[in-house]
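As structure tokens, here come the structures.
Look at the two complexes coming up: chain A is in both, with chain B in one and chain C in the other.
Here is the complex of A and B:
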């Protein structure tokens, strides 16, 4: 018997037949088809399938923006999986914006600071909380020993709420008046109220009831104020038969949604408001009963306005036809419930006090103050009851010193001007000045000159990257906090943010960090911080409203129009403040655009939100700038160009848009982040890198509405 | 005759001669081929039937042994621990919290398993990482409520078998390719089932649906 090729053939055939008849082939075929549907084969697909478990809802308050909407967080087995708007919450009544619903992404953000960090050369090293607090309190102790406590400064997002209150208290008892807030709609409303109605006041707009809204560039559906409340007020316009006239250089979404879009040359909104005012004065369209109570030289102002802002002159300045200005003034004055709204874009960032005051003057002249559908001039929501602070000798001396600068931009200016450090230590919480402020390069220069910077950021953003110590904070989903909704709402609401899950990293509540620092300082400071934890402090300082905060999740402080008449003092406008001009000599004017899908203040929009940005704004990693085809100078749609301003240059792509006034370039705000987050960073350009601050005389505010630019 | 022609003639004669005697040789070759065929067939068939499942599935032990029979006796029917929530969703394997309705940090018996349970999980407040024999693939949506409370009021054993009578936890077998439990395909590698709970594939769902509803059901009923 000889083993030949036939034997091998038999062997092969037998093997094939054996395998085929065995269940292996059938099973492998079935398994391969199942494998093809699993993430083993497609690793980029969802690699954490939704967990099964008990579904519950918990309510809290979103603090991603000053809107402070009520949220309902869906949880599976106690793990938050979805954020929805909270029904019956007095701000948003069930509505939510795209940033709010994507809020969970901030928990797992790749740029989150997971543990306290200490600068080590160009990078950071991880340290323990005890060491971090010891380093900060040690440095602060040295500053106090040197007898110059005012050399500690603090920059925070807002002057509201107990966390801000704790920072302020630390500075006060330490002995430093250098407490700063970033420019926000809230701060702008307070400044305007201060200029016209007296200190300690703020302004709310009853958008939900007004029948003619004259918006001077306020992006009412682009994130102005409390976004969801504004969406709702806007959505109800049709059934209320209310009108919206939008005045701005670009056909924004708000303008497109308005009954009328009135294009105006950038930066001349104040002039148009005063022009309308002049027509009202000329045609006796104002409420004499209201204006008779004005103080501060109304007659002088009236004469001046009529002289400088006749319809013809205003038309020349603003680009709006004289006849249209007259019509606009008549319509506004004759409306039953007219309301003029100020605060370009989101109303935060750089704004001109002249512009805001001029628009508010229109409200004063039609007599809508403290009336339904008008503006509510009300005292700032003061619901916090901190115990009386006791200042030791050093603190008292320090608090008598003048603030280094009135506003945060002036602080940086001063720091840059002097060779000796005017600020020895800086606290930054919930603010990103190294990105948000105009010409962040100079802010970074100032940061370099400050020897010791402590960031309380949850994320390693542009500003935290400049810090010496980072004491990472819980995100809004991991902590308690009282959140007051200001943001131009006609009602005053305080909500309670509650932890939706245990902190996922080694972070702390910023309030606890401040209390720990204070307790580690000498007794003069420490004695003012009697609380063991922030939660204890929160309950104590909100004692008056704690019951409703803890039971209902919010406290409604005021809803109706204030019953008292508002005082109006026009002396600021009567002094004839100059209108801010754009810096530079180029022919075109670059203006920033606020887009609802992006966030321009604070950290950054979430990866989800960035993905929703249209490809006429961001294409791949390229930012597109809008320009009218008439002034495009041969530039093609989608083509690359260099955008140059006196401050800097950027490579951009062109989007031709007939909805932007000729001569104006529009660039979106909120892109061009540079920190380590692959989902949101290095996409587009930060428009603030191209615009320099322009200080408004009289107010001292950075009021740069844009900058002169060229495209080539 | 040339040399070449001679060779050709010889060659043809030789080959003709071989042909005549070659039949018996070929039969032997074929016979051997058949033997090889049969041997290879048997080896491969047996490998595919007996060895292949051992290679395809990896065995994992449960964190500790669980005695269903004992628990049914002590606590009651399946729904004493595996219940429907108010919203109709199914609790599945109970969380530690449910176990603690009866158990505590003090062991309830003297078994090693009870000791592991209390020391490793109750005291440390850690959930027991049970391996779920009947876990369906992620793409499957299955409502226990619809099957338990629907018109047929199926009982647990129809799909899960008499697991309530088991006194120990058998090893969990995981398909190395797909990562899913062996119970979905069933213990029998041929896919032959004797009982309704022997396998939990889509065809098993369809078979029952066809029987009860006269149609197999639509894709989106389970694949949402």
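Here is the complex of A and C:
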């Protein structure tokens, strides 16, 4: 058959018409969509339908942050499926933060350490618990035999609670004073209290009752203190007709939520506080009855402050108008229940003692100490009763040695400075210094110089990756623990964390790990650890409050303002400490931003939390830095730029934000992790890689509030 | 069909934007309650499934007069023009996969009926609907935390906020067992975002029940608005507004702010238009 042009076109058109008219195409499309959507092509649904069962609620306490909120865990047949805030718990009463709610994701985190690990070249090999404990106690035994027990050091998140107590006891009976905590709001509160009110004290802020809160950059809704308690106190402002004035260079969530935002040049908060103090002195706006009891040279301080911090001079330093400083001082002094709050951002990390003490001086001057709506100067909550420890000869000698450094940053400095190992073995628990501290590169260098590192981490985070042995701990959902809420709260609460399910991996309670290490050491150490298990120890050392812990889930140690008057000694401030300056000569200043949806201390935010991070903070793998359009200098929204500081450089993208002071670059804290978890890691930059420590003279604290930087 | 029945519920919420801190608890509580999945990269927000999404609004002024506020956006559970249940999404769904519950005011989403045409996504003025471009995948072991109360969704279907309908079902079961099936006490039915909010910014309840806090705050005018007959349920509270109210979608999610610029941000206004309507609230009279 001959196919001419005419019949070819005819056939073609016929075929098109036929296909169009017939339902075949529709049918095929429909079939393919049905086929692609059936559960047959979704094998997961067949294998793992969420099983139904009996629904129950169990209460516990979250220990992800120092806030320590009560939580209620919904379970289906012993399987936890949801975490919510616990109603009527004295800290949070119902609410919960996003990290606590996402707590179950930590349980099944891809970066969890599932079994004890031993370093093998660049990687790790799995070992048994018995072998792991034997290796650790063997190494520790050698150190003791060498007669230098002080060469064992320990870094932990906090100096409170029985787990921390066990680590401390191990160090003490071993013979080492080298017990360190990471800088935290609690440690900063204690240092400030020590500088002004005497040793062994801490400070609580009665935010829920104050009627004028003057916050010097404290991110009251950015995760400062006990986050949910702060959220609640802040939200109740409307009903209580209380005001919040927020002082900081950037329109943070707290500043946006406040009644007034007072932008201040980064790092000049201490100067502003002293400027306000000068106005109060000049205009006689302070409580003479309070200041007359001050010791340490108040008259000298008063004269000096009025000379150095006149409104005009303060305005020059801080960028706040002189008239506004006077108004602010008057408002603050005349409020019924004024309260000044310190601790920039979350109040952890780098802080300046001058700044914290200067702000606390304002509280002292309006006489709000130990009054409702003011600051509570109280002894640190001590509720643990460990049996008296007995130190053998080696331990006694070791404990007489001086601590290698006062703070953890000084420890690393010493380790890096000396060629011989000053520390032979290091324990790290609930801390991630290889990520959290300024310039983590130098921390890692110090880690490389320490011959033997034991991590008790639940996750293979940046610090655990540097360890020689990992003794993985249960997560907070798998264990008992007493958790005290310090964190700047006015009340003092101890909660009991309870296991919500059996441990899902071959992990142990960190308390049990310490006890078994101690038991494997010589009798001089071992005799101080006579408990069979951590649970037995917990019940023993909390005996005084165990009944209420086990029955109510918490013990309320104190709630009201302390009845005693607080002592105030101003000698630290009267000595005129210098204000810390940012390192470098570049024109711009890089400051870290605390974002509630990310975690800056400890491990990392969960996949859910990372999911909530805005695309103006994180886009793909790129971090965005905030600058004022006036600082942009040709840089466009979303465009790439190179951010350089004296410490390092990073490729970033630009987010133009009217709410940040010109000349300031804001970079979020809590991104740029490098461990193995595709949901939270390898996203953006760790801001700590760009900021180096600046040691405040006098206090010895790393007080780097930022660093000079340039964008190109 | 008689829709205005004293026994019918009309669940809704009011969100106090002056209290909202943008902390994200509502978003995470929602994801964890409703088996919402997550991927390694969630920064492309068009492909990131967030039944509850918190937006950031600014007043557009330059430093230092800048102000900022967060706006949480769940599904608005629109009642449609005149409040007759013709929500924008319900009207366009060819599969009846989404429907208006006349007894609750809740806009449903039935995943097994949805065949993924996404008309509803186009129709929704609030971007409250999300499409599953991929099958959800949980890291090993994490599927153990999935809740049996909410079915996980497969690739090719649309999903959105349900006002935690399973919690309504549980509350209704209790009501049935106690004999009065119409009596749902306020505390028995609260959404996961509401209970999670640490600032107490979200208030949820029955807009038809004068005893409920949400009704007391919103005080909705059941009669058509004098300016726009399609709008019903306008709040009589001068600080309360709804998003894109003039469309007549009649959302059951209300927002509260003392700041005028925030209330103005709830819609797009032509020059001078805002000044004409900014003091127009629901009628205080109980007669239309």
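Remarks
Convention: the second predicted complex is superposed on the first by the 665 of 712 C-alpha atoms of A that agree within 3 Å, B and C clash if a C-alpha of one lies under 4 Å from a C-alpha of the other, contacts with A are read in each partner's own complex, and residues count from 1 in each chain.
Everything that follows uses one rule, which is that a contact is a pair of C-beta atoms (placed from the backbone, for glycine too) under 8 Å apart; a residue touches a chain by one contact, two chains touch by 3 or more.
Everything numeric here is computed off the predicted structure, so don't read it as measured data.
Once the two complexes are laid over each other on the shared chain, residue contacts for A:51 go to chain C alone; chain B is not touched. In the superposition on chain A, A:293 makes contact with neither chain B nor chain C.
When the shared chain is aligned, no partner comes close enough to touch A:400: not chain B, not chain C. With both structures placed on the common chain, the touch criterion links A:619 to chain C but leaves chain B unconnected.
Once the two complexes are laid over each other on the shared chain, residue contacts for A:303 go to neither chain B nor chain C.
Legend: residue contacts after superposition of the two complexes on their common chain; A:261 is shown touching chain C, with no touch to chain B.
A count of residues in chain A touched by chain B and by chain C gives the higher number to C.
In the superposition on chain A, A:110 contacts chain C only, with no contact to chain B. In the superposition on chain A, contact of A:597 is made with chain C only, not with chain B.
34, 37, 52 are the residues of chain A that lie in the contact sets of both chain B and chain C, per the superposition on chain A.
Across the complex, chain A meets chain C through its residues 33-34, 36-37, 39, 42, 44-45, 48, 50-53, 74, 76, 79-85, 92, 94-98, 101-102, 104-105, 107-110, 221, 227-228, 231-232, 234-235, 238, 251, 253, 256-257, 261, 263, 504, 596-597, 607-616, 618-621, 628-630, 658-662, 678-679. Put simply, chain B touches chain A in their complex at residues 28-30, 32-49, 52, 56, 85, 87, 89, 91-92, 95, 137-139, 175, 177-180, 185, 189-191. Chain C makes touch with chain A in their complex at residues 18-19, 21-25, 27-29, 31-33, 35, 38-45, 48, 50, 54, 56, 58, 60-64, 66-70, 115-116, 135-148, 151-152, 154-157, 192, 195-201.
Of all residues in chain A, those touching chain B in their complex are 1-4, 6-19, 21-28, 30-32, 34-35, 37-38, 40, 49, 52, 54-55, 77.
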